[in-house]
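Next, two complexes with subunit A in common: one pairs it with subunit B, the other with subunit C.
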Partner chain A sequence: MTTATVDPQKAPSSEDRAALWLRLATIWHAFLVVAGLAGAFIVWQGADTAVWQKAVFGVLLLGLAGVSGTAVFHINQRRSRGRNLSLAVNYLGFLFALVGSMHQLNMFVGLDSLADTFARGLPFLALIFVGLWLGSQTERFEGDLIRQQQVRQVGRAIAILAGIIFLFAVGLLDGLATVPSALLEGWETAVFLSATVFFGLMVWGMWQQPVADIFRATNADSEMLNGYLFLSPNLLGFLIFFAGPLILSLYVSFTDSDAFSTPNFIGLENYAEIFNLDLEPLASADQLASEVLDVTQYDELNRFTIFGQSYIIGAQDRLFWTALGNTLQFVLLAVPLSVIPALFLANLLNSKVPGMRFFRAIYFLPSVAAVVGIALVWQWLYNATIGYINYGITLVIDLFNTIGLPLTDPQIRWLSEGNTALLAVIIMAAWQWIGFNTVLFLAGLQNIPRALYEAATVDGATPRQQFWKVTLPLLGPTTFFVVTTTVIQAMQVFEQVFIIMGTNPAGPSNSTLTIVLYLYQKGFQRFEQGYASAIAWVLFLLIFAATLVQFQRQRTSGSSYES
Partner chain B sequence: MNLKRFWLFLIALLAMALLVACGGDAAEEPADEAADTADTTEAADTTEEVAEEPAAEEEMAEVQLRWRTRPDNQAEIDVYQSVSNDLDASLDNITLVYEPGGSESSSYQDVLKTELAAGTAPDVFWIPGTDIADFATRGLILDMRDLADATDSYSDADFYPGPMFHLTFNPETGNTGETLWGLPRDVSTFALYLNLDLLAESGAPDPRELAANGEWNWDSFIEVATAINALGDDIYGYGQNAWWGPYGYWINAAGGSFYNDDRTACGLDTAEALAGLEFEQRIYQEFNVAVPYGEDSEPPFLAGKVGMFQNGRWATPGARASANFNWDVVELPDGPAGPSNWLFWGAYVVNANTEHPEEAWALVQALTTADTQGKIAELGANVPSRVSQDALDAFLTFSPPANNQAFLNGLARNPATEGPLWAGSWPEFDAVMGPAVTAVLNGETSIDDFAATICNEANRTFNQ
Partner chain C sequence: MIRSYKAIQYTRNGLVYLVLTVFAFFMIFPFLYMLTTSFKEPKDTFRYPPRLLPRETLTTEMPGFDEPLPLYYGEVNGEQRELALVESNIRIGVFVDPANPGVELQLPLDNAEPKGGFTNTEQVVVNGEEVPVYLVTSEGQTQELALLSQTALGRFVDPNDPSVEILQNVRLSQPVEELTARPENYTDVIELQNMDRSLSNTILVTVLVVFGTLTTSVLGGYAFARLNFPGRNNLFVFYLGTIMIPFVVLVTPMYQLMVTIGWVDKVASLVIPWIFSAYGTFLMRQFFITIPKEIEEAALIDGANRLQILMRIFLPASTPALATLTTFTFLYAWNSFFWPLVVINTGNVDNHVLTLSLNVLRGRASDSPNLILAGAAIAILPPMIIYILGQRFFVESATSSGVKG
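Let's look at the complex of A and B:
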């Protein structure tokens, strides 16, 4: 029988290290609880901090404290939930601290500067790849191990040397010199760097298998953590760059924010101004608005006669209603003009005729072209005095006049007259959108089983009957998608109007003022960002309602080849 | 090198590259600074000089200033870049970075204001005269009055009084001369760009001679425009672009104005303003001698299809580059209330949040010296804003047009100064006025309807 002896010099076992990590994690999370609570208190006391900032940072810090406290409890109970929570908090903390450190070290600004200096290092960067390539050429010396090793070493040396020279060439010394000075300038950089290290170490430690074993982590736990890890870039991007601003804009819509000063909470005032209307009866149809409306508050929006009585509608924000009307007109015309031709075009392009792929590409081109370029070209085409469209019309009119059919040249003022400006924009937008919709319809057409057409042919259906009875019903899901996305696109129309109308995007008599253009003018030209946010939410609700109706109709009709 | 080492190497390289980015600002330090420091060290031969070196180095610390204008074309960008390079060399301890602003798809002012809100705007920038009040009352630009008072060589009187009225206006007291929001970069007036070939073909009298004889008024203007317009269906006697400047001339020349006398309320419904607008409406609807209102008149003018094109000095480079016909300019015709014009201007202002106000003030002064303005005036696009014969002489040397004096005459003949609305919101006022005037000129609204409604709405854009 042998006696086990304890060797004081023996290296700690993996269990010992895991236990150490758990003790450290407990201390670390206890510290985070205190730091989170203290931070939330300090943020809430901040005199110059905006309310939304207090709310956001307060909730985040309280969340940090709460989750850390829960993690401590579960870690001590050796439950896997404790490890999972700890990993989540430390991972998010690591990312936050890393970004904060990069900001403190001016890296985001520096990356711009790096773009300027990067060219200096390009030859050495190329040399790195030369070295790597050289090092991989060992198979040329098959059987000669010494030569192989020499080639590998030379390649590695070249790559490393070139890498070092590259870094110096693009300004490594400046970067190195900046770090100590940034640390000396203020405590923030040191705090962020320390937090990055601590959070990072905690993630690394808690991820270790021995630690996982202590928590009796199952495969399901590992899969969940791996899943969230891979999902995190997208999830965080969604939360930070989409959901966050979305909620922020909702808050801003309840304020008088002008982007420059601290916003004040004003409740529903912005929404009230948008929807504030006044309906008054008129003594006669042509009575002056100033005689019946409070013109210090309302502008005339419209007047109508019903059952012999004339009425006038005044609006506090007439331009919003003008923009809404223009947008709806745009939707009502641009959607059919870009969907119906696309449907027939897709049917044409779906036929097996030589060269059809070329035409598919041609029709798709406007969809991939830049809106700015397209709008500028159309602006020239639409020019009433020297544009090609009017020139073409004049030629046709002259032709008719020559053959004895007298016609008057209309000399259409496409972009300078209130009656035609919106139509001109609609034509251009529909022309641009047709190509993309055609591709979608083509994909839908190619998903319809050929057997259905064969059966219809056997039953004696003509091509026209096949189109109406087979193609159109079975294209229901595609049509739904095309119509829904085109409606959404049309309700958000901006670039086309903004560019083609030149210095006056709202057009003659505000005839091309759309909701998003008005939102832009309010938010980024007059800097009434609270009001602009309210308009954005009204537009969101309109689009949401329109989409909901289409979903409802789709469910009711429910046409698809699976059903 | 196996795959693991390769990745480690690559990650290390990326990490180091990120570290390089930390030194971004330092990497941009100008070479001049190193030279200056070297010179200082070499010069410090004596003990005393060595002792003073730290203070000297502090004084010599190089300051980087970003500045921005809104150039109209590449030629202007090149000239401003050249000016920036020259000033960079002449201004002690200041390094300049010039940023041309504006593009086809973004408004200069919108981008600028967004940058101001984000805290990334340049130290010194140009803005149009109409925007001064908005920027000043929002606290976005620096009041440089104290800096100006401490500068012996500076005087408000060196610049045209019209712009300086607004640039020294104190919105809190309502008095002028109490602040200094900036210095004017340049001024400009309207003129009529003449297609001399069409004019000769029509047989109409030469407007330049009519102006010289004091006979250039609205009647003779219509006579000339009608004669040119009669040359063909695609030929137009007159053309203007659809913004407040061109129609503002017709209102001003009839004795009207956009505002009342103290610019605190709408003045568009006065008899004089309505008379001016009615005459302009007749140009489009009755005489029918103009490029349809709202159409850009510059392309047809450059294509040789417009006899008289009303525009500012900024249109000269385009005419020089693209007009394949004989052309010149003439001052605007006298209206019922006498001669009139606009005095357009824009100003260099200083970002309220600049870290270097003294250096920014030095740059603003340097950008508005007679020498600098002369260099820019040689390009032909701008009239110097400084009342300086040297700068004006430099402007007059630029031809064509032969009759450069027409622009300077505009300055002398009762111009209305483009100005901000200290008592209201100019963008809001313009958003109300523009569509209403367009409807009148397009014949969609009568003058009476316009008169009955315009000021109800426009007055709401003034501070209540």
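Let's look at the complex of A and C:
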């Protein structure tokens, strides 16, 4: 208390107010304990709520009661922990109530009506950016502080003005006008809104410096509170939209969920169905599958012959294995096709001749374009009769014919034949990824000290030896990163296939069915979401394994130059 | 000695430029093709051999014809002229005088009839082949001629001098063309597929996602970089570990979450879940820890609070990291397709983003490459223009993701 008496004029009133806040806080938390317990009881009694909802809300409400009770105890002891707990509970309550109020007032769903009017506001939105850009142009008036100040103010004024006009143009006022009517509609909105106000007030009160002084809050306390406060939006969103779904996803994969009705827990059945294979010996290589396989359960996947004995493999989910095979094919071709040329190009770009930035910029161009758009363009490039790719092949073959090498024009029907469709997608994907990989390799190359090459040259190393003995080992970490990210991307190939293959994305005889495409068809066309989740986890494990293998190889290769 | 070294250097550089240019051509060509095709006439898109630049056939008005007539090149008296096609598919016979089989005559079959009737036509042997004999009327005279073969020709007339008239094969004639541009492809596709609405939706979603991500990442990154609180390091490791988890693992539970809170088919589902980025938080944190602590401590002693420090000291100093995060998020939000496909209904055109519109357009205009590629251009060009303006940031963001990450 002694610190509070430093300023005798101000101290009494702020101290009184602080004491009042503490009394209010005690009452409020006592109320929260009761409300939390009662709420938990009501939730538990609720008839038409799912078990997981009961569990989640029950735990939340009990937690509210428990923490509030602990907070009251510590507040009365004037321990700093009491204030921290109180702030935490009230802040979380505030956020929860705020989001709840916004939900009740249809502010999230209301983004749709913003989309209706958004086009009207676009010019003013652009004007905001112009204003912000203008305000940042201070370095043009180096040394002239007054002029800099003016530029900043003019820029800010334009941005603010444009912002206000923007809000009017998109009809924010009309939106706000619906709030009172929403308030009158149901008691839930009023409850949420008043909870927001109460929680918010308590946070504000407990945050005050005089209150903090009563609890002798240290700098560490303040840093901790600030830390949680700053992280909270991020962390909550992360928990709700990432960590939560991640756990839920694993659960869903153990159910027969269809997204809408209550799911049944079926254990590992989805995984069993995915991996259910049957290997049977055949009497002869061309024996009918139905004679050896239980065709009510298995479809023929493949047959092979070793040591004169033929075998047949049946799979319960043949399409999954087809998709897996196609995806692996895609990875095995698209990754080298987009990494090796990139390494080559990066080495060319790394030479000290002018114009390299221009080429780098051009190679990067496909990386900024939407895959959907690109696939549409390539769909026409691949057109069998009027497409440029077949035309180019024809030109090259004509060239060969004129120099006396008779070749026939293959006239490939790229997208409508089973053995070329996947290749077509691979070429397109590699084309799009080369530029990004080139830029990564180039950055890695520029990190290798010149001195090493000079030393190698002095030792008489040829450029080829320099590439294999200096460049490649030192590029190890970059290569690891490039290969890993490209593999991860390639394992999830979906958009390219989905767009370029048109009405039948699985392609002729399922030749372009990839794992994610299969997952999409299962989960969002047939709504077997439990099964789709199981596929997703299998894919994740595959990606994880591939990354781990890469990581291991990179570690054992012993290349460890770090800039 | 020095000169030969220089010569080697020059050829080497020349080769480097050659290879780089060839690759650059392959990188740019699909975009060029997209742009030029998006300005083509529908007829022009199906030509073989394909041509890059959009062209149109010139036409001319002639008295006595309601429709404008297409112009073709034709040879009149050994001189190349532009002629109008006034009549096509004229059935023509190639005749010879049996007495003089060296001279072939092309005359309309309408003015000819077989000698002896259609069923029992008189035959004559010309050059060792038996061919029918026709009575052909030409310029008031009727001749007996042998019909060698039939063909269909077009009648071409000089628009300036209608008395000049020739017959020639329409398909083998070279049309008179000039470079053109059909910007109506863009207005057509906007009308057909509501592309203006999808464009403004995409802008709305992108702006909200970028600003949301910047806000949460800056706040979270600052907390991780500069504020000490229990559990900080464990949380950070957890964030890091999740960066490599693919989205497909989350897509079904996310969809079910959207069903539960009623966001299916709503713009909110494209925005709110996407403004929390573990990667962005990581990026900002990595940048913030490089800012010297002393500046911050001085400001704290001067009585500034943490938010003021963040806004006045950290933000102005982190333009590179902010630009990197902005470009990444911008491209991700603008180009995303899988999630909108899952969560927005195909029928609800009002909430479509560009990628979804393109997906529908692909099916609806499958025989109009000019329209489809105009649509693709609407989706691809805005990021590309921004890329050209801020090239440095895009390339730097790519490298910072790789080398430091």
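Just so we're on the same page, the second predicted complex is superposed on the first by the 435 of 563 C-alpha atoms of A that agree within 3 Å, B and C clash if a C-alpha of one lies under 4 Å from a C-alpha of the other, contacts with A are read in each partner's own complex, and residues count from 1 in each chain.
In the analysis below, a contact is a pair of C-beta atoms (placed from the backbone, for glycine too) under 8 Å apart; a residue touches a chain by one contact, two chains touch by 3 or more.
Being a predicted model, the structure only gives us computed values, none of them experimental.
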Requested in this report: Scan A:Q525 for contacts with subunit B and subunit C and give back first, second, both or neither.
Outcome: first
Requested in this report: With the two complexes superposed on chain A, say which partner A:G200 touches: subunit B (first), subunit C (second), both, or neither.
Outcome: neither
Query raised in the report: Is A:G63 contacted by the first partner subunit B, the second partner subunit C, both or neither?
Result: neither
Query raised in the report: What's your read, subunit B or subunit C touching more residues of subunit A?
Result: C
Query raised in the report: Who does A:G476 touch here: subunit B (first), subunit C (second), both, or neither?
Result: neither
Query - Partner chain(s) touched by A:G100 [first = subunit B, second = subunit C, both, neither] - result: neither
Query raised in the report: Of the partners subunit B and subunit C, which touch A:P210 in the superposed model: first, second, both, neither?
Result: neither
Requested in this report: Give one of first, second, both or neither to describe whether A:V295 is in contact with subunit B, with subunit C, with both, or with none.
Outcome: first
**Report entry** Partner chain in contact with A:T385 - subunit B first, subunit C second, else both or neither
**Finding:** both
**Report entry** Touching both subunit B and subunit C, residues of subunit A
**Finding:** 108-109, 111-112, 114, 116, 259-260, 372, 376, 380, 385-386, 495, 498-499, 502-503, 524
Query raised in the report: Which part of subunit C faces subunit A closely enough to touch in the complex?
Result: 13, 16-17, 19-20, 23-24, 26-31, 33-34, 37, 45-50, 196-197, 200-201, 203-204, 207-208, 215-217, 219-220, 222-224, 227-230, 232, 235, 239, 242, 244-257, 259, 261-263, 266-268, 271-273, 275-276, 278, 281, 306, 310, 331, 334-335, 337-338, 341-342, 350-351, 354-355, 358-359, 362-363, 366, 369, 372-373, 375-377, 379-380, 383-384, 387-388, 391, 394-395, 398-399, 402-403, 405
Report summary line: Seen from subunit A, its contact residues with subunit B in the complex are 102, 105-114, 116-117, 128, 132, 135-136, 152, 155-156, 159-160, 163, 166-167, 170-179, 182, 258-261, 288-290, 295-296, 299-300, 318-319, 372, 376, 380, 383-386, 411, 413, 415-418, 495, 498-499, 502-504, 506, 508-510, 521, 524-527
Requested in this report: Enumerate the contact residues on subunit B facing subunit A in the complex.
Outcome: 1, 6, 9, 13, 16-28, 104-105, 107, 109-110, 113-114, 116-117, 138-140, 234, 236, 241-243, 291-296, 299-300, 303, 305, 425, 427-428, 431, 434-435, 438-439, 442, 444, 452-453, 456-457, 459-460
**Report entry** Residues of subunit A that touch subunit C when the two form their complex
**Finding:** 103, 108-109, 111-112, 114-116, 118-119, 122, 125, 220, 223-224, 226-228, 230-231, 233-235, 237-238, 241-246, 248-249, 252, 257, 259-260, 341, 345, 348-349, 351, 353, 355, 359-374, 376-381, 385-388, 391, 431, 434-436, 439-440, 442-444, 447, 477-478, 481-482, 485, 488, 491-492, 494-495, 498-499, 502-503, 516, 519-520, 523-524, 529, 532-533, 536-537, 539-540, 543-544, 547, 563
